[in-house]
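Shared between the two complexes below is subunit A, which has subunit B as its partner in the first and subunit C in the second.
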Partner chain A sequence: MSEFIQIIVSGLSAGSIYALAAVGFTLLWQASQTINFAQGEFVMLPAFFVLGAMGLGAPMWLAIAVALGLSVLLLGAAFKKLIVEPMLPHGTLPLIIATIALGLLMKESVKEFYSAQGQPFPPIFPTEVVRVFGAAISVADIMNLAVSFAAILTLQLFLQRTRTGRCMQATAQNRGVAEILGVNVKRMVMYTFLINAALAAIASILITPIYLAKFSNGETLGLVAFIAAIVGGFNQIRGALVGGLLIGVIDNLSAFYVSSEYRAAAPLILLIVIIMVRPQGIMGTSEGRTV
Partner chain B sequence: MTASPKYLLYIAMLVALVLAPLGQGNYIVYVLCSWLIFSVAAMGLNLTLGYAGQVSLAQAAFMGIGAYITALMTMAGYHWLLAMPFAILSCFGIGLILGYPALRVQHHFLAFVTLAFNTLVFLVLRNEEWLTGGSFGLVPIPRPDFFGFSTFKQVPFYYFALVCFLLAAGAMAWIVRSPWGRAFKALRENPIRANSLGLNTRLMTLLAFAIGSGFAGLAGAMMAPLVQFIEPGSFTLIHSLKILLMVVVGGSGFYYGPFLGAAIVVLLPELLRFTEGYYLIIYAAFVLVLMVFSPNGLIGLWQKLMDRFRTQQVERSDLKDGAQL
Partner chain C sequence: MLELKDIYGGYDKITILNGTSFKVPRASITTMIGPNGAGKSTVFRAIFGLLNIRSGQILFDGQDVTRHTPKQMINHGVTYVPQGRNVIPQLSVWHNLEMGGVTARDQSKVRARMETVMDQFPMLREYKNRKAIELSGGQQQQLEIARSLLLDPKLILIDEPSIGLSPNLVQDVFVTLQRLRDQGVTILMVEQNAKAALAISDYGLVLELGQTQMHDDASKLLNDPKVGQLFLGGHFHEEEGAA
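Then we have the complex of A and B:
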């Protein structure tokens, strides 16, 4: 039983971080129909910003702030301006290819210019363990869960309670009408990209202490973010949250109870099952088909 | 009968393909063979992507399935000619099963399902050691003999691969020109209109995907005897992305696009050897820039350039909206 609790808690902790990446993914989809195949690399890169800043002698908190700023600037603003904007008129397909190429570019650049080996990443939270009902639960897990939830809650409040947030929602729901009503659609889409970059940076800083900082981290993370977003519901923020938590727990359960060799298969099978029985996702509402 | 320049061009290309390996070292011939093989795989993906408009990220996994089936059957003593159709049909069947649920919904869901599928195939190939040899792979895969014509040496193998390639290219040309192929094109250009004209769009897309996967099976069946050693690492997601980029860089939806794209992806590393590890960075940056400026790939870029220089009719701008009083 205590083992079970441990697995669930660490699964939820990892899942909440996946959820951050998945939420960003759904936001981009809603705002500009961008399927970002580089999302995994977006989560991989900020950890290297932190390491780079610390390598220059900055303390941890400053390094994190720098990484957050750089991510918003590069992965948010520059990504939107230089890549997404010129390609949107050509439809979704070239953009998908471009994000695949971008992911490859980021991965290979980190490998060549930083290091091909996994880099140790300093823990942000104390590595102590507390005992709850006989289960050993690490403080870091609980803090990860808390930070991710705080980030998603803040985002939700921002989207629902502020004027800008509502304008963003209007843009996501119906671009044309939002524009007619005087919403600055372009700026709202830009905000979405900035938020996605910030979420990816937070996820990166939370998840990298668990693994090592490595150029290939994005492969698994990106896949998990897609799966979480689709399983939960592609057009709902709370869907991505549920999807992320579910994937985290299932991943951990299958690693412990089924086989660690096929650990990576469980989320994939879940994805295929969900697409077959409930293509709009667990929490999603179905969108009209184009054909 | 007068030979039109088009036929002369075809004959010239054929002669170039036949003469290409003569007098070259073993390694160059090997690179040419892998160009032929990847062209076949990219050609199949071009049907899925360029004609039916669906993204498949599992082309390397289908190649892997084809290669493993061929390897296991030829190592068990069956002839390659028996193993090859088996590989193609398996890939076709798996494509049908995989595509059916994914194509019930839109929004490039096939991309996600195939993404998951590629990872699953890799896991199975790596973990089921009793069948696939796990991460040690399968070795040695025999090269086929055809009635005394041994493909054991590199140049004869090239001709064997060339025959397979030409048959595949011919089949693809036939598919694209048949009523089916036209239906695929209609689907990409305007799915709603295609649907209203009585095309079963879902069935057509599914078929395009399954046929494309079958081509990957053929490519896998050619690859196994070429390298004589296969392991799961050769069929991962990154290889699927490589094939996808071949199609897009060459020009998806153009018949010759995949050949050009495969040539660039296979031959460019040889030319850019002096860049060492930076090769993939340069390549990815090139694809990004190409996508921003010409989403139709190199052939699209070429056509755009030609259109600029070719004389063309320009409508009188004052009559564009019809004669207005």
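Then we have the complex of A and C:
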């Protein structure tokens, strides 16, 4: 039983981080029909910003702030201006291919210019363990969960309770009407990209201490975020959250009770089952988007 | 109050408007009729800054507003209610209404105005916390009209307000438009239900191939045998295409 609790908690912890990336995924899709196949690399890179800043002598907190700022600037604003805006008029598919290329570029650049070896990443939370009902729960897991939930909750409140947030919703749900009502549609879409970059940076800083900072981290992360978004319904923040948590837990359960050799298959099996049984996703509505 | 002078424009290389010209007087209802693809909706898009205008001039209150953006047009006092259902589906009725005043600098005035508008449409107050998508088609249409009134517009461009509505709801919408006209609002409408629309209008104009073919008192158009045969016939079913 104590084992089971441990597995569930660490699964939820990892899952909540996947959810951050998955939420960003759905936001970009809703606001600008961007399916970002570089999302995994978006989560891989900010950890290297942190390492880079620390390498220059910055303390941890400053390095994190720098990484957040750089991410928002590069993975948010520059990504939208330099890649999405020029590619989107050519259609969704060329844009998807461009994001795949961007992902490769980011991955290979880190390998080439930083290191091909996994870099140790300093833990941001205490590495202690607390005993709950006999289970050893790591403080870092609890903190990861708390930070991810706080980020998603803040986002939800922003979207629902502020006028800017509602303008963003209007832009995502009915762009033509938002424009007719005088909403600054372009600015709203830009906000979405900035938010996605910030979420990716938070995910990066939370998840990298679990593994090492490595150029190839994005491969699994991107796939998992994509699957989490689809499983959840692709057009809902709540869905992406549920999808992320579910994958984190299933991944951990299968690694422990089945075999760690097959753990990578678990999210894919979940994806296939969901697509067969409930193609609109767990929380999704089949309407989604009309063209 | 509104004048189009020899407007040419369209989408990409397709020209829809071929020298469209007409005037709309203040505090009146003008209904635009015409066959499929005549460019009726396109006229609205041209006025509201959503169309590539190649040449010509649009005057509003004597001011040149050609190629002004939707936001600028809203600031001039023009609102546009496009064809089809145009609510923000997942936002509440209240927040949909709020969106009508999104360009206003003074948001406290918007609040007060929302109350006034809801007094005119009591249904909206009753359902203000519901998601807009949960309203019936007629209720959504009312919400759209209410939303377009939020900034106290001088001119409303309204495209096919009767689409998908039962006959008595259509009558409700028309009564609302007449009431607005009596309050001094100018209305330019496109309506497939041409006979009923002309009956409540002051003026009518016939658009064909992007040109104004006829422009007269609504009652004269209603009694014109040619117009009757082409656009008001019992079996004639006319809808604007994808344009």
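FYI, the second predicted complex is superposed on the first by the 287 of 291 C-alpha atoms of A that agree within 3 Å, B and C clash if a C-alpha of one lies under 4 Å from a C-alpha of the other, contacts with A are read in each partner's own complex, and residues count from 1 in each chain.
Heads up, the rule we're going with is that a contact is a pair of C-beta atoms (placed from the backbone, for glycine too) under 8 Å apart; a residue touches a chain by one contact, two chains touch by 3 or more.
Just so you know, these numbers come straight off a predicted model, no measurement behind them.
Using the contact criterion defined above for the overlaid structures, shared-chain residue A:Gly176 touches subunit C, although it does not reach subunit B. By the document's definition of touching, of the two partners only subunit B reaches A:Ile227; subunit C does not.
By the touch criterion stated above, A:Ala201 is placed in contact with neither subunit B nor subunit C.
Touch counts on subunit A: comparing subunit C and subunit B, the chain ahead is B. Of the two partner chains placed by the overlay, only subunit C lies in contact with A:Cys167; subunit B stays clear of it. Interface of subunit B with subunit A (complex): residues 49, 53, 55, 101-102, 104-109, 111-113, 115-117, 119-120, 123, 126-127, 191-192, 195, 201, 237, 241, 244-245, 248, 277-278, 280-281, 283-285, 287-288, 291-292, 295. Residues 163, 166-167, 169-170, 173-174, 176-184 of subunit A touch subunit C in their complex.
Those residues of subunit A whose C-beta lies close enough to touch subunit B in the complex are 35, 82-83, 86-87, 90-98, 100-102, 104-105, 108-109, 111-112, 219, 223, 226-227, 230, 234, 261-262, 264-265, 268-269, 271-272, 275-276, 279-280, 287, 289-291. Remark: subunit C residues 48, 50, 70-71, 74, 80, 82, 86-91, 95, 98-100, 102-103, 107, 147 touch subunit A in the complex.
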